[in-house]
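Notes follow once the structure below has been shown.
Chain nomenclature is as follows: A, B, C and D, assigned in order of appearance, with residue numbering initiated at 1 for each chain independently.
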Amino acid sequence: MLEELKQDVCRANRALVEHGLVRLTFGNASGIDPKRQHVVIKPSGVPYAELEPEQMVVVDLSGNVVEGDLRPSTDTPTHLLLYRHFEKIGGITHVHSRFATMFAQARHEIPCLGTTHADHFHGAVPVTRPLSQAEVEEAYEANTARVIVERFAQLDPTAMPAVLVAGHGPFSWGRDAAASVENAIALEAVAEMAFGTRVIDANAPDLEQHVLHKHRERKHGEDAYYGQDR
Amino acid sequence: MLEELKQDVCRANRALVEHGLVRLTFGNASGIDPKRQHVVIKPSGVPYAELEPEQMVVVDLSGNVVEGDLRPSTDTPTHLLLYRHFEKIGGITHVHSRFATMFAQARHEIPCLGTTHADHFHGAVPVTRPLSQAEVEEAYEANTARVIVERFAQLDPTAMPAVLVAGHGPFSWGRDAAASVENAIALEAVAEMAFGTRVIDANAPDLEQHVLHKHRERKHGEDAYYGQDR
Amino acid sequence: MLEELKQDVCRANRALVEHGLVRLTFGNASGIDPKRQHVVIKPSGVPYAELEPEQMVVVDLSGNVVEGDLRPSTDTPTHLLLYRHFEKIGGITHVHSRFATMFAQARHEIPCLGTTHADHFHGAVPVTRPLSQAEVEEAYEANTARVIVERFAQLDPTAMPAVLVAGHGPFSWGRDAAASVENAIALEAVAEMAFGTRVIDANAPDLEQHVLHKHRERKHGEDAYYGQDR
Amino acid sequence: MLEELKQDVCRANRALVEHGLVRLTFGNASGIDPKRQHVVIKPSGVPYAELEPEQMVVVDLSGNVVEGDLRPSTDTPTHLLLYRHFEKIGGITHVHSRFATMFAQARHEIPCLGTTHADHFHGAVPVTRPLSQAEVEEAYEANTARVIVERFAQLDPTAMPAVLVAGHGPFSWGRDAAASVENAIALEAVAEMAFGTRVIDANAPDLEQHVLHKHRERKHGEDAYYGQDR
């Protein structure tokens, strides 16, 4: 079942290595089928170089394995809960990429300092609160998603397709698995440049609101004129 | 038409990836024909690995597409206006490379701290002022070129083949597309080394004027003795 | 003798280059046989690209060469003494990887600032005291192991499979040579991210104890649910 | 003539790119024949990927081209004068590698903070004084060597096979071209780690003298026991 989605998700997971976003087995990507009944995700702890589409695991939204011989990623409950709350997203990526993770560990949002950022994220990339001891002990992975959802109470996940989990690392999403990887790549790039910008000048200013707005509109707005017509 | 120029521009765009200057689709290179009537530029939002010469877009200096099936880069109006004002340049590159973009976001010029810099740029690489809200809303891309031209009122674009647009990133140029890419590579190298030099010592001094002058003369002056005779 | 172990150790040494952990000949990996009578280690000063299993050197626990035409790594006495004191480890890696070595040179432990760290190291990665002049002159390599063992008086080498030797660099270990390399990769990744996190915020907090504990348990505890069953 | 030396020097120049020490054409390596009458050096401004042994230029110690169709590196007078003063060296490398150049631009020596450094350089890597205007205008490249020789009045170029020219970049040397490249690689590695160490702790201490001495002796001393017998 879902053979095409398995190929997409496998390709997305392999792309994480090709773009330098993961080392060892620190990351995973998933995708949801259009009916939003099944999620395809990377198996846990398997090296990326060996990943094949048929190894992808299919789970339902309650986390039951529907197809696949391997155990799904440990982070599966986080992915599932995000799919349930963010109804417009079709793919999720979680990595421990260098610079995004540094901001997550520092528990600082990634400020919007330039147009590279504005092309992908509408404002500063938010950071969650840390999980309490009870939240960690009770249902760690699901509660990781809950603090993300809590942080997005006033945010639109379409305009802000990424978050930093405090002390942990980034999650990103998009219309499908490939788009979530693209946002993970963009997130790492803007995190690195925000890091360096603030080393050059600790008081470097946020991007002007009118430029932020312009870049969003020209790429994602109703009259977008970036890229080719689909 | 302009088949050779299309090949040059295609090769220049592919070189941006090979030299690590772009991620995703953050960058573009263009070239102008010797009669300065037509510009060949990268299509918008197309992955670099797939770029072929026949996909390059030919536009006239007013921005009308003269040949090509794809939409030209969103930054085309910036390129066109620069070609009109900087009459000796034959190629332009725009990227969001890491360290040059950090300086652009910090809105600091790149100081000339060594001979690597002096071999390519005659003094500190300037940064533009930010665009006003009216400039962004009216004609964002053309006005990006206007603030560059404004910044160059007292500067020679031949001696200073690069600029940082505040909050955005670098533009570089040269006698053709390949030379503009070479200047983008050099810009990124000197930005990275300026960054690190000032981390080691915030008061690291500018290169002595007589060394700056010497390096320019031995490479670009009338009695240049660097490289081979052409 | 020990042909399989030679292949494992050779592969581990070559992996050091593939993962960017060594330059020139700054590093070595070894493995011990299950009876803990012989250690297989890299020959000294041989380029990694040329390493073949039959070049690996077999030594006994007193350092006598039992098989092999080449001189064993200069660091052999350090490896041997660690195998004698840390009875549950089967492989050791020593490198001068960038960020771990920066912490070793600064003589600072690597603080545990996030879950990437917690997945591999149970708390801050310790740093030894410097060796005295007498210790260096008498038996430098063996005494390097002795200051490590001294530092682990209150630490479990299974829960903390790495150490920084002051002014020198990291040693890591694991159940076999491959696992010791994996821990060297993880150590470098967490050192780089700790470095950057503290640049962003010098007061970035340590990871909460309950998250540290959770990550250890879910990956290494009795009811571990990370990865596949072996 | 000197066909073997041409191959060695060509290989050394290509190695500069393979080890990430040069971008564009910022670097060159040379070697001197055993009779110390002729020097083989890279041609000026030729891309490294195209370099072939027959393109190498042979010059005598006065700088006259003895063989070769191309102009020799602009830095040839620097190399020649160093060969005349440092009589035990057989190869020289000049690059603008990232971290070594940052220290040269900051005009700070590279402190000896660890054993990686001690294995290659016996103490802090020195930096020259800047050239005066007269020195630059009169004979820039030869005077670059003169300030190096001046800086080495109290130093042994065998024990300290590298120097930073203020505002410019590193030169390194060794028994042949390959050894000079190896020292350039080691220099860049120790520069990067010294940079990071001082970011972690601005007061990180120099390596203890007894460890510095030990590492030199075990690798380069009369009773050296590092590497294989030659």
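A few remarks follow.
Keep this in mind: a residue touches a chain if its C-beta (ideal position, glycine included) is under 8 Å from a C-beta of that chain, and two chains touch if they have at least 3 such contacts.
The shown structure was predicted, so the numbers you read here are calculated from the model rather than taken from an experiment.
Although chain A and chain B carry the same sequence, what matters here is overlap: shared residue numbers make up under half of all numbers found at their interface. When you average the Cα atoms of each chain and compare centres, the chain farthest from chain A turns out to be D.
Chain B maps onto chain D through a rotation of 90°, based on Cα atoms and reported in steps of 5.
Note on chain placement: the centre of chain A and the centre of chain C lie 32 Å apart, centres being C-alpha means.
Chain centres here are Cα means. That of chain B falls 46 Å from that of chain C. For chain A, residues touching at least two other chains, in rising order: 199. If you sketch which chains touch which, the chains form one closed loop in which each chain touches exactly two neighbours. Pairwise, the chains that make contact are A-B, A-C, B-D, C-D.
Listing the residues of chain A that touch chain B in their complex gives 19, 113-116, 119, 182, 185-186, 189, 192-194, 196-197, 199-201, 204-205, 207-208, 210-211, 214, 218, 225-229. Those residues of chain B that touch chain A in the complex are listed here as 23-26, 43-46, 70-71, 74, 96, 98-99, 101-108, 130-131, 133, 136-137, 140, 167-169, 195, 198-199.
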